[in-house]
Amino acid sequence: MRSKEPFFWITISCGIVIMAFILIPLVEMMTAPSFAMLKETIKDKDVVRSIWLSIYTAGLAAIISFVFGTPLAYLLARTEFTGKRLVESIIDLPIVIPHPVVGIAILSVAGRNHWIGQIFSDLGIRIMGSVTGIVVVLTFVGLPFYVNAVKNGFESISPRLENVSRSLGASMFSTFFRITFPLAWRSMLIGIIMCSARAISEFGAVVIVAYHPMIAPVMIYERFEAYGLKYSQPVAVWLVSVCLALFLILRILTLRNKQEA
Amino acid sequence: MIKIENLNIHLSEFNLRDINLNIEENEFFILMGPTGAGKTVLLEALAGLIKTKSGNIIIGKKNITKLPPEKRGVGIVYQDYSLFPHLTVLENINYGLHFHKIDKPQAEKRLNRLVEDLNLSHLLKRFPLNLSGGELQRVALARALMVNPSVLLLDEPLSALDTNFREEIRAGLKRLHKNSNVTFLMVTHDFAEALSLADRAAVMNNGIIEQTGSIEDIFQRPDSTFVANFVGMKNLFAAQFRDTKALTGSIEIELGHKPANSHGYIAIRPEDIVLSKESLASSMRNSFRGTVTGVLDQGLYYEVDVMVENVTFKSLITKSSLFELGIQEGIEMLLSFKSTAIHNF
Amino acid sequence: MKPGNFCKLVLLTATGILLVALATQGFAAPKGKVVIFNAGSLTIPLAKMEKAFEAKHPGVDIVREAAGSRKCARKISDLKKPCDIMASADFTVIDTMLIPEYANWNIRFATNRLVLCYTDKSRYADKINAGNWYKILTKKGVVWGHADPNADPCGYRSLMVLQLAEKYYKKPGLYQKLINSRPKENIRPKSVELVALLQTGNMDYAWEYRSVAVQHGLKFVELPDQINLGNYKYDNFYKQAVVELTGKKPGTTTKKKGKSCTYGVTLIKDAPNKEAATAFLQYMLNPEGGLKILKEMGQPPFIPCRVPTAEMMAILPAELQKLVEIKK
């Protein structure tokens, strides 16, 4: 594609339209509150608590996805079996299901009218209106993003490397930790970022399972309903800023490592 | 050393059937065959990377059929060498030591010897990313031999290298094999490689083994039309045998001995056919007059097709001989070959 | 024709056209969208009323948004969301938050009372009764909750019931003890959400209106009239309960006194579709129409509906005046 020919200009224009589409509403929202308003908002303990809750529940959801999703992603990348397409579609289901439906489904299983909920209740584990419940919901919606990112990562590593490792005496475990993992960790990081991003922004499913404790998106909605735009925008600005900063730091860390290698 | 008994492998689109193979200790064994014959499948099955349906694989005295790859003592070098990109050359070579208990002085001694033999001392701190094909191959060999496997499998290790250096590298490989006590099993397409490196060989086709034997046997005395075609015996004819003669088409060919069967095939290598204008004062029993029907440029040689009565023989001749004899299409020539050059089966 | 006569002719024709237009307006069937903000506890009865009304007037599309009554009022006053009718579970919400800027009058149309709901799967379901409920709620492991007082009248009413219980059963400190056994996580912005929590077994007991319990087939404990906010005869006892709520701005508060549950409805001043909305109110406040549905669904209506003063009666739309009496 040579520059200055019509095809090039079309691609540039589409790019500009998309950037504008994304940036204009966001810039509008980020610049609406005054500095005084922002300062007042961050001084509110409830606001700080809800943003912190959002961050660490999303982080927990990402860690759980990492622990359980990695072996599954490896299985999907390395093996063929009947029903594999079905399994992959099932993993994608949480993306498709409307968010309130996700919340209702989880609530129905978590209550004492369901045998699983009965077990939880007997063990003293509480899902409704608890951090546990929030993490369950966030993991549900975030898992597909992690599994798909890491599956792609594993697929890009030649199985021959693992074969050679085994021929040299390494068990499958050793091979995974010495060969596969060092080559795939970047895609795992991407998976964690994608999963956390999805989890932090979740609202419709969480609000059904837990109104309190209040994650940031619920607080933004509650403030909007009760007091209007003026009092909800600053919370949104803080949440977006904190998340942006976190993701930026994460990306910079990985970029630096790439240059070292 | 390696005994493969009635091995069967079922893959989704391909099967290996009733593979039987016996490879001696410290032998350099070569596996040949067209693409898709199943050579790599057999190799990976030996390494334990592919599941087998039935049959046994015995290495030394141990039946390793059910063992996982890490317990077999079988090394593998792939066509793309598969060096670990995130480790240095030295770390690659020493990788296997994490899993084998070798005392330090012995390990160091082995490392130094391999590094010297394969000329790797200046590369030890480098990463695989920037190495040439030949360097990668030597590191892969060092890595595999570092753990002293009983068997080393090589999947077309030379095909990714420049032809210019192949002879040099081939010699190096041969030297490496001689200096170790490891049994080498190598897959190759290249006949020159097979002829120069192999002690014995096997030809595979479509999931079965067509012929096993010494490399000479395979090239000079193929026992099936497939193998004959494969090894380039271009003059392959169906024939009836009567006494010591073979009748093909309307020609009678003197074999010099009496075959056991009454009909079968005869095959003659193109290189063994001599073309001349007049009768040769030699002891070639078979001499026929024929017409040149084709002159084909094969690069380094010319293939000359000569039709005798209704049988076409293909012969190989150098460019200079071509001009000397003034060979062109349509002229009459004398075609001769020794009885000993004829292989019948 | 003389200019003067011409002018008269034009004026006459214009008036004639206007009269015809007005007349046809009066005779035209109501049509268009009618937006109702209603209390959560009215959801099921209003749904049935909507069906019946739309069957009779197919050109009308009734759109309902349920929320806590205070939240409904805020949507109108703060967020300026377009609305035709506001139906509140506590008529005082209309008086204090909407009149006089957004509404002029307030018709009281039904009562309700608070009960303690549960299912047969709730803990101690087989033991609970009107005498021991306050002991069971404070038992370890029992999960119970109520609506958010700042959003839903059912929320602050629940708290009032608890305060009145302390006085009625003569157990000082009971209110605080009960509050201590109910963590913030058991509060939901809309009381009707608690029903789903009961039904899935995520909650054992919830404070709800009797009508809602009946409509959802829940079991419930009936409480003495002195504390269930259902009988206006006990208004003097009820007003002992006081709950503090958030005011208009974050940081400000207002106090609410206990009073019997009386539902109110009004037509918003800037209603986009006054005509169709008034037609619906005609149906809703009719003893054979909406009020009958309320009665069937366990919510005792006022028959006829009431306004407190003659002044308010005077400003009601003509069609509604005949459905209402003046009673405090």
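As written, the chain order gives the labels A, B and C, with residue 1 at the start of each chain.
One rule holds for everything that comes next: a residue touches a chain if its C-beta (ideal position, glycine included) is under 8 Å from a C-beta of that chain, and two chains touch if they have at least 3 such contacts.
If you're wondering where the values come from, they're calculated on a predicted model, not measured in any experiment.
Asker: Based on mean C-alpha positions, I'd like to know which chain lies farthest from chain B.
Answerer: C
Asker: In terms of CA centres, which chain lies closest to the overall middle?
Answerer: A
Asker: Taking each chain's centre as its mean C-alpha position, how far apart are chain A and chain C in Å?
Answerer: 40
Asker: Where the centres are mean C-alpha positions, what is the separation of chain A from chain B, in Å?
Answerer: A distance of 54 Å separates the two centres.
Asker: State, to the nearest whole Å, the distance from the C-alpha centre of chain B to the C-alpha centre of chain C.
Answerer: 92
Asker: Which residue numbers or ranges of chain C touch two or more of the other chains?
Answerer: In chain C, no residue touches at least two other chains, as defined above.
Asker: Okay, in this complex, where on chain A does chain B touch?
Answerer: Counting only chain A, the residues touching chain B are 80, 158, 160-161, 163-172, 174, 178-179, 182-183, 261.
Asker: Any idea which chain A residues touch chain C in the complex?
Answerer: Where chain A meets chain C, its residues are 104, 107-108, 110-114, 117-118, 121, 126-130, 210-213, 222-223, 225-228, 231.
Asker: Applying the document's contact rule, which stretches of chain C touch chain A when the two form their complex?
Answerer: Touching chain A: residues 67, 71, 74-75, 78-79, 121, 143, 150-151, 183-189, 193, 196-197, 199-203, 246, 249-250 of chain C.
Asker: Which bits of chain B are touching chain A when the two form their complex?
Answerer: Of all residues in chain B, those touching chain A are 12, 44, 47-49, 68-70, 72, 74-76, 78, 80, 82, 84-86, 95-96, 98-100, 143-144, 147, 149.
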